[in-house]
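What follows is a pair of complexes built around chain A, which joins chain B in one and chain C in the other.
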Partner chain A sequence: MVNTDKAVEVINQYIDIPGGLLECLHGIQSVFGFVPKETIDDIADGFNISRAEVHGVISYYHDFKTSPRGKKVVRICQAEACQSMGSRDLTRRVEEILGVKIDETRVDGAVSLETVYCFGNCALSPNVEIDGKLHARVTSDNFEKLVKGEEA
Partner chain B sequence: MTYEHDIDYGTPAKKTDKAVTVEIDGRTITVPEGTSVMRAAREGGVDIPSLCATDSIKEYGSCRLCLIEVDGVRGTPASCTTPVSEGMSVKTTSDRLTQLRRGIMELYISDHPDDDSPLHDMARLVGLEGNRYGKDGHNHLKTIIDDSNPYFSFDPAKCILCARCVRACEEVQGTFALTIDGRGFDSKIAAGTDQDFLSSDCVSCGACVQACPTDSLFEKRAMEMGKPEKTVITTCAYCGVGCGFKAEVKNDEVVSMMPWKEGQANQGHSCVKGRFAWDYAIHEDRILNPMIRENITDPWQKVGWDEAIDFAAKRLMDIQKEHGRKSIGGITSSRCTNEEVFVVQKLIRAGFKNNNVDTCARVCHSPTGYGLRETLGTSAGTQTFDSVMDTDVMMVIGANPPDAHPVFASQMKRRLREGAKLIVIDPRKTGLVKSPHVKADFHLPLQPGTNVAMINAIAHTVMTEGLMNQDYINERCDTDAFNDWLDFIIQPQNSPEVVSEYTGVNAEDIREAARLYATGGNAAIYYGLGVTEHSQGSTMVIGMANLAMATGNIGRLGVGVNPLRGQNNVQGSCDMGSFPHEFPGYRPVGNDEARGEFEEEWGVDLDPVPGYRIPNMFDAAVDGKYKAMYIQGEDVAQSDPNTHHVEAAMNALDLLIVQDLFLNETARFAHVFFPGTSFLEKNGTFTNAERRISRVRKVMEPVQGMDEWEITCRLGRAMGYDMHYNNASEIMDEIARLTPTFRNVSFDLLDEKGSVQWPCNEKAPEGTPIMHIDGFVRGKGNFILTEYVPTTERSTRKFPLILTTGRILSQYNVGAQTRRTKNNVWHDKDVLDIHPHDAENRGIVDGDMVMIQSRMGETVLEARITENMQPGVVYTTFHMPESGANIITTDNSDWATSCPEYKVTAVEVRQTNRKSDWQEEFDDFSESTRHIAE
Partner chain C sequence: MTVTVYVPRDTASISMGADDVAKAISDLPEDIKVVRNGTWGMTYLEPLIEVETDKGRVAYGPVTVQDIESLHQADFLKGGRHVLCQGLTQEIEYLKNQERLTFERCGLIDPLSIDDYLENDGFLGLKRALKLSEKEIIDDVMTSGLRGRGGAAFPTGIKWNTVYEAQSDQKYICCNADEGDSGTFSDRILMESDPFCLIEGMIIAGLAVGATKGYIYLRSEYPLCKVVLNDAIKIAEEHNYLGFDILGSGSDFFLEVRIGAGSYVCGEETAMLESLEGKRGMVRAKPPLPAHVGLFGKPTVINNVLTLASIPIIMSKGGDYYKDFGIGRSRGTIAFQLTGNVKCGGLVEKAFGITLGEMINEFGQGTYSGKNVKAVQVGGPLGAYIPPQEFDLSLDYEAFSEADAVLGHGGIVVFDETADMKEQAKFAFDFCVIESCGKCTPCRIGSTRGSELIDKGNFELMRELCDLMDSSSLCAMGGMTPIPVKSALKHWENDFKD
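What follows is the complex of A and B.
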């Protein structure tokens, strides 16, 4: 069950700020880990916009999630520079290592693997982010260590 | 008709005095500053191909088809987003532009189904042949069609993401139900939170369907029937907005009803009822034969027109012979045309030789007529709808436009989104109080029945805080009347602090709202039946007029006192002399000069004594003094208050003639049934809430074989009074001869102008959009004292809750029409709205069946728990006959006009598991009195 009272508390912090919807969605996501469907009515009501408009914004930005993510979140850049430095092969390896397909969450909920287009660190491609921490020049070998290291 | 053309200029017109001249493809074109090059070109007769532009919504610049070349400018800007500038020279065709357009079209076509669609028409227009990309790549061709809406479907495969639907839903309708889901290649049009259309916030107004350039959104019926052959411009037969429609017709059948862009009431917009729910007109329940019977328990006998008319005429004459001239009468219909109403009142006055004529306006807006005439001099609203676009503060009282006047509500919301302020005075949290991008600055949720106290408190604040417009008062109003009123209104019992005790509304909120109304610029009052249907309905109308005069808010654009009329022709039926004391044009029957004119035209002596009002007719029938009625298109057995009393009256009649499309509730008590015609089968006129007279035109011949006015005329002739017209136009000519405010009206003028607003005469040959500009029609504006007298219908220990009633978007009044359409998917039963506290106290949970008891009767509905209600107040709609909402309403009424107090009934509510006795009887009786012999 989603605690909608908590959601309303978050929403109320942003409704008077111009362009506060994006901030609010980040706020909701930081509390719940994603933007639960159950909060959309309250967000729409708070900002006095329609449910469709809220949905339009959430669905536009890949970083807003509509379902719970894994405990660990791994994001691999798929943009041009990283691609040229082997990010596609790396992605396939990471899928095998983690046992989850790209843009999915493992059934046990332990890990999510996500696509990113550019971390702005192209000089040191390919880039992988693990739980918010960016790692440059990642290979399949050091990825395994990194994942474990993060776990340790 | 001169109104066939329907050019889409691509972007909206700009309103400015400054003109700019440009050259487009060698033509010199002058347009207002800020106009887009696209619009300038199209106004000048140069077409530019486009997909994402349409002139009902703002420019968007996404389809890139409307590219142009501008002298001295690099590149190829989009003409829709490029405003004109002085001396600009534009080319709309060149080899480069052609190549670019073909290239863009080719991309669209590469991801579009092969079956012919408007997109292919555009491809042909830009000269695209074939598609080099093929269709094997990533595409959207295998998407699922959304069929959930009963009237239209959405096929995403045909969609080009131009967002015209999304923008029309936002800018035209103001619902914001659609969005673009996702981004890039994955983006798609979504309803709500990517739901189907039916379960989203979509109100099915049709704006998106109309806006779609590719038939991705398409009307199911039009798709089945194919291309129409002709267009007939006519007027919607639902609410008092009076939208213009183009009936698209094929083989004498309507393919679709398209909102008419040049219709001045709706400007190309529509709602679910007018746009889609017109097919009651071709419903199998329509009665197509005249029918008669001796007793109401006998089966109906189908007969020919002559037999039915002779039967009715003979019995009417026999009854008059036995019981006297005044023992018969009739009721005219606010659903019928002006011409049809006119002949019915003429039949009664000249043929029946009495004034026993009344109309259903009695039960809705009669206090409007009374209140506005006594104060301002005219029984009608002061403004044109468009005036709202110049309003700075809207005060909406006892009206729920998003449900009851949806097309005008869209216009109000447009203005509110531009920044106008809003005050809502209503017991309920209506759709206008808060909806996407619209929020009332003040919602004063008063107790039902305390309107007059509220308006007095507002006026008290204005006068005691010095917020009035004294110059306006001095110049335009009666000084003695003003001074008397001033003495009254500043008394402490009218102060917000005292009044808040009865209204339940915080005094400071009342004061703030009053200050906003008086000082916020152009302030306009819009009101509905929540004002009129009270024991002090007329007092409240007067109170609003007083307030508007005191603040100088009458007589120009953007202000006024505006009744939102309920029915398509309720203004017209009143204008046409449907009241027992007034001839057409509101001229008293007791006035010798007026009566003389009618006597001369009609060739008979007329009764100078007013006849019965509807409630008096019922009382007299029960008393045995009133024996026969001719009821045109009104279902009194469902719509009038205190059903038990109405049914007793109907039962007491020796003869009841009902003229209607369907065997309605009233027809259960009838001896003669004259089948009527739908608006699609009529020639005539309707007059809307802004006094606009619009043409209704025949799309097909009357399916029962006779014009309705002709039925009435034949009944008159069979009774020995010679009434004869060759067509509806001749009736309007007679109306114009006899009615000073209609003197210049004729079908020819209406065909030429599209519509006109009365007064339309020597002084205003093309009509009058805004009234009282140079002074009030009655001379000096008249302030009248409005003492608050609480209704006798109060909550008590036995009946602690107040029931109020209203309407919903998808259904219309007694539902005779909308219940026979697919609109039932939105509302198939009436429910009782109740606040969570009141429900909890009574152990009621959402969805329980509840018995609602008043001192008049009891009925059973399903309960819906909602915080839109305030504690102590419950609410229901009255669309379904079996709901029996009027079993519980009382016979209290407005002191001046007898308009029933529908809006206040003290009730108690409790859980139940059975229908009420009346509902049980209703089921049996309904069956037994509707039998037609084969």
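What follows is the complex of A and C.
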């Protein structure tokens, strides 16, 4: 169950900030890990906008998720600088290693694999982020170690 | 005696283990003061640590935790010889051959030490600006010839003057820190390594146009920038550089960081305004210009991080000083970023006019893989792919424009001979499919059709589609997606044959 009291508490921190909806959604996501649909009415009420507008903003931005992410979140850059250093092959190997396709969450909820367009670390490509920690010059070999190391 | 060791705290060096290196150095049984400086931008040497000696700062890099023991044995705390020793930082060719104006303090100082900032010419520009009239500040920016460093290269002084002349009870300064182009990180380095410089530039912009409120629209992929900027803003407030009555001048300026949410097109200035207002990042039609009707409907200056960070030096040394760098109508310096499959990647601040070949071969030292260069994409996902035959191209706005290319935000991505240019062309369309805001049809539908046409091999129709997207899209997203596509098809036609 989603704790809507907690959600309202978060929403109230942002409603007086001009244009504060994005900040609010980031705030909701940092508490719940995603934006639960149960919070949308309260967000709409708080900002005095329609539910459609709230949904429109959530669905526009890649960062906002509407379902829980995996326990572990792996993000791989798919942009040009990383492509030039083999990110396409790396992505295929990472999919095999993790047993999940890019932009999907594994059925058991253990891991999500997500696309990012650029971490701004393009002189040290390819880049992979594991649970918020960025790793540069990643190969399929050291990816396996990085993932295992963090699971241990 | 305490030895000072600098270990960078920027995203690139941390991604290569700088935090662990800093800890390992602190743990040595010696009297050491570890300073987390910013980065010099010699990314290929990260983590690049420096030891303060009588002769100056001695650099070692790239350093891993495993190297600390042998460095210690080699007496690195006295600048001892070691295989990783790069000599004095200031004498490293990569850095020595640059012209550092905007980035003069990056790497040198502790980014969050306001004393370091003040000791290295910090806030001199602001102090001078406080003695000038609005018009005098704008005139100096006009004289400098500074053009927007985000990519569009619009003259900054003209933009400021438009906002200055607009009548309103409230005006805004918005810093575009949504550095989304692949192959770019110069904004990130500036914000992580010298945040007060950006803050100073924004305050001066506020003084020039009569704005009292500023926003930094920062992309969510830069979490460390958020921490550093918010800390720096707090420190600046405590020292009365921000807030009410700045330095007793009677002028106010307030600054706030806002975080984006992973949308590339929000780097387009009007989409950024929508996003700052808490809406979908839909591009606005112009006119009205943001300078007249901008954030929350008020006159707004929108400048890139580096544009604003170039203001303090222009103000402290004068527009004429800055104008003396560069070539033709491209005045001053620009931060290039050497990235992708390149041996010596990093930040290179140079006056306009160096050639692409010098950049790739002399600074970059060729590819990382050791194979031949096949293509170089300059200016981000919407920039042209350029073949080695055209490496004599001068890196300035006009030369690139004549060559149907763009300098954009100065990103240079190197590809070796294994690159498949048809795949790259298709990616340009696919990226546009994913990132289009959807407001105009040529971009929203054209990108999807373009990707399909590449699969079908119908390149004649694809060329027509490119012309249509170019001429009728609302913003650069749809309008410039044809640039990488057409350049790939022009120079590597063989890649398009099955």
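By our rule, the second predicted complex is superposed on the first by the 152 of 152 C-alpha atoms of A that agree within 3 Å, B and C clash if a C-alpha of one lies under 4 Å from a C-alpha of the other, contacts with A are read in each partner's own complex, and residues count from 1 in each chain.
In the analysis below, a contact is a pair of C-beta atoms (placed from the backbone, for glycine too) under 8 Å apart; a residue touches a chain by one contact, two chains touch by 3 or more.
Since we're looking at a predicted model, the values are computed, not measured.
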Problem set entry | First, second, both or neither for A:Asn121, with chain B first and chain C second | second
Problem set entry | Contacts of A:Ala52 with chain B and chain C, given as first, second, both or neither | first
Exercise. In the superposed arrangement, does A:Tyr60 touch chain B (first), chain C (second), both or neither?
Worked result: both
For this session: May I ask you to decide whether A:Phe32 touches chain B, chain C, both, or neither, giving the answer as first, second, both or neither?
Result: neither
Exercise. Looking at chain A, which partner touches more of its residues: chain C or chain B?
Worked result: C
For this session: Could you look at A:Ala44 and tell me whether it touches chain B, chain C, both or neither (first, second, both, neither)?
Result: first
Exercise. Thinking of the overlay built on chain A, is A:Phe143 touched by chain B (first), by chain C (second), by both, or by neither?
Worked result: neither
For this session: Using the superposition on A, tell me which residues of chain A are in contact with chain B and, in the other complex, with chain C.
Result: 53, 56, 60
Exercise. What part of chain B is in contact with chain A in the complex they form?
Worked result: 175-183, 190-194, 200-201, 434, 436-439
Problem set entry | Interfacial residue positions of chain C with respect to chain A in the complex | 11-12, 14-16, 43-44, 46, 179-185, 187-188, 220-223, 258-264, 275-281, 296, 337-342, 345-346, 368, 377, 381, 411, 413-416, 419, 424, 427, 431, 434-435
Exercise. Of all residues in chain A, which touch chain C in the complex?
Worked result: 18-26, 47, 53, 56-57, 60-64, 77, 79-85, 116-125, 127, 132, 134-137
Problem set entry | chain A residues touching chain B - in the complex, by the definition given at the top | 37, 40, 44, 48-56, 59-60
